[in-house]
Amino acid sequence: MRRPFEVLLAVSAGLVLAFLLVPVVALFLRIPPGDLVSQLTSEVAVDALIVSLKTSLVAHAIVLLFGTPAAYFIATKRFRGRAAVLTMIELPLVLPPAVAGIALFAAFGRAGLLGGTLDAAGISIPFTQAAVVLAVIFVSSPFYVRLGISAFEAVDPRLIEASRTLGAGPRRTFFRVALPLAAGGLSAASALAFARGLGEFGATIMFAGSLQGVTQTLPLAIYAQLDLDFDVALALGAFLVVVTVAVLLTVKLLPSWTRFTLISLAPSARTDSS
Amino acid sequence: MTRAALALAILAALTGCGGSGTGGGDSNEQATVFAASSLPEVFPKIDPEATYNFAGSDDLATQIREGAPADVYAAASPKYPDELYAEGLVDKPEVFATNRLVLIVPKGNPAGIESVDDLRKKGVKLVIGAEGVPIGDYTRTVLENMGASDVLDQVVSEEDDVKGVVGKVSLGEADAGFVYVTDVKPVADKVTAIELPAEAQAEVKYEIAVVKDAQHHDAAHAFVEQVLGEQGQATLAAAGFGPP
Amino acid sequence: MDTLHVDLARSLRSYRLELALDVDGVVALAGPSGAGKTTVLRTIAGLARPDSGRIALGGEVWFDSASHVDCTPEERSVGLVFQDYALFPHMTVADNVAYGGGQAGELLTRFGIEPLARLKPGELSGGERQRVALARALARNPGVLLLDEPLAALDAHTRARVRGELRGILEGLALPTLVVTHSFEDAAALTDTIGVLVDGKLIQSGTAAELVAAPTTPFVADFTGANLLPGRARAAGDGLTEVILADGTLIVSTDQLSGQVGAVIHPWEVGIARSMPLDSMQNHVRGAIESLVPVANRMRIRVGPLTAEITAESAARLGLAPGEEVVASFKASGTRLIPLA
């Protein structure tokens, strides 16, 4: 007879898993299987797919390009106010998306902080695809940067020092030692950030608005179609789930380099024989 | 053994009190009212005690179809209440108010819009309701009536309810938007309203109905009566709604 | 061979590190953990900055607080072998060794690790990793070699073997080399000159033999494995000094000192007998054998406060067993006195 405490632990785990899985499974059970594909070829669906793909990929590329060096810098440099910087990075994570949308307006809108400057340069951001990209970057970059910082922090600083004493400057050390060793953690961070960006709704609908073929991403299309054509909404929802799961799984199944950071501490496979 | 018993007792107590049981007429309970998003300023004035859920009329219809616990349904268009009545989900709807559309621009009028014609100016950012949302359908009707459907090319966003349109124009980010005249007063300091030709107006009828599966039948009927009654009608008129 | 001039001062948490040292051979920096030894290596390599000082290799100045010179680690011609080797786990042995530039092939062969070239560090044994780390540090043709506890990560058996190999390698390199260790035996085995670092200061330096024969402080005496008996000394005529030990025993030394002292006696200068011997040894301590420990071909015997070391032969001849009463004897001339407190 198992101890009651352990049974309780197992039951809790089971409940959490069930709660997360049941709605997803129910979603798929609701769609007649043949319909799924045909719904996805409707104009609304195709437009949404293209908008989501374009904006998510552009946003993600920017997040990776700027977020990686940022994460490395914050992870490896001691500077005053580091704790404050970390908090600022985490802020968008806890901000309600609609508030994020208003914040983006407040910054980049016509009446916003940078509105005058943008206007003078002939640039208008709200209600454009650029706005979608900005919204996605705003909500997904904290995931990437925060987790990226942890990934770089997990790299043994001794290895960085070794690289320097071997004649490699900071740049070569980053590309040949830090980045490869943090790659596992960075890919996981990237997957999470991408999935988050793909599913972004609140900030997008506020700041970029919703217009089919222009700013209507998959989540926005689902919302719009909910009352008009429930079947399309279901199909789009199911598709979004599939894509997100695929992204997350791909990262898990790719060869992981995170093993290596622990190698120096692990018992060796070969023994010293005399 | 004692701990488990205690836990069960607490659980029972929690479900025991507060639960209202199934169906029945609890005359002391408040009604849960699902109402169109052009009504949040006026309905609570008619009945401050009721529980409200404001959203686009189409969203509310979907929720009711999915079994949401509404007692009363008030929409900005006959389309959805009639559909739900045909589906046997609500009692026969009754018209309780009318409304009309106006064109609003942010105070300061950045794009210099004085009329619907001006909406054709290059680069104008127009925000309207999405198709299927009453305000969206009405807007398209009005524009068609005016022979100005080409103006739809200037749309940069299709909102899910009228408050979305109001919001974007109030923020000053959209150049213009089509809303109900009743939406102007709450944001009068942020927007200016431009009247539309009376002959181009669509027939905007608000309908209200008691939901068949209502948990608080008595309260629901009482609410509807209030809305249709003298006090309710006066309050609606004061807010700018037209008579039914 | 250029000389490495090290002159640095740095305030650490509980003491101030102050060191002035010229390295032109294989030198050991020995001492207890926390004495600042690793900090010295890191400072020379450029991974830590002293508060003031000057570090230069021959004419190349790497750090000079007076003229604000502070070269980055990659600008200094150092080869640093870390205590846990810090091999790049995601690269093969060959890539590791080649990382600093230069020809990996020749070094792989020289250190006998060519067969391991395509393996990753995680698949190597401790001794193999050490050789890879050394090869990697040397691939860059550094002007200075720094080794941090090179034998600490090895098991006892491997350690003994590697000790010998490493000595040969270091001698053959002809580079100013600084070896940091907390083990006197390792220091003695690997280097010619040993500097003892305690609480950030160099308290004595010299050859291993010099340190063993004439420790200047109790710490060095203890560190080099000599006996240290505290007591009170006073002159006793004939150029001798009497020392009353803590337990009341009276011993005599040819050194001249008074006050609180420590009597330093080397284990191999202590003879063991079953009864009081009739010879010129002047100091006798009676006691029961507390332990008998064979060390190589000798026997370490603990009698009271003293540790004696006699040949295994002698021990066998005496037929010693723990608990038996014996007399430990040592000459007055073999009793060094150093000031205590």
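Letters are used for the chains, namely A, B and C, taken in the order the chains are written, and counting of residues starts over at 1 for each.
By our rule, contacts are C-beta pairs under 8 Å (C-beta built on N, C-alpha and C of every residue); 3 or more make two chains touch, one makes a residue touch a chain.
Note that the structure is predicted; figures quoted are calculated from it, not measured.
Under the stated contact rule, the graph of chain-to-chain touches is a line, running from one end chain to the other without closing. Central chain (C-alpha centroid nearest the global protein C-alpha centroid): A. Across A-B and A-C, the chain pair carrying more C-beta contacts is A-C. Centre-to-centre, using mean CA coordinates, subunit B is 86 Å away from subunit C. If you average the Cα atoms of subunit A and of subunit B, the two centres end up 35 Å apart.
Per-chain CA centroids place subunit A at a distance of 54 Å from subunit C. Against subunit A, in their complex, subunit C makes its touches with residues 45-47, 72-74, 76, 78-80, 82, 84-90, 99-101, 120-129, 136-137, 139-140, 154-155, 157-158, 161. The touching residues of subunit A, counted against subunit C in their complex, run 156, 158-159, 161-169, 176-177, 180-181, 257, 260-261, 263-264, 266, 268-272, 274. Residues 56, 58-59, 61-62, 110, 125, 127, 130-133, 155-160, 164, 168, 171-174 of subunit B are the ones touching subunit A in the complex. By the touch criterion stated above, subunit A contacts subunit B in their complex at residues 102, 105, 109-111, 126-127, 205, 208-212, 214-215, 223-224, 226-228, 230.
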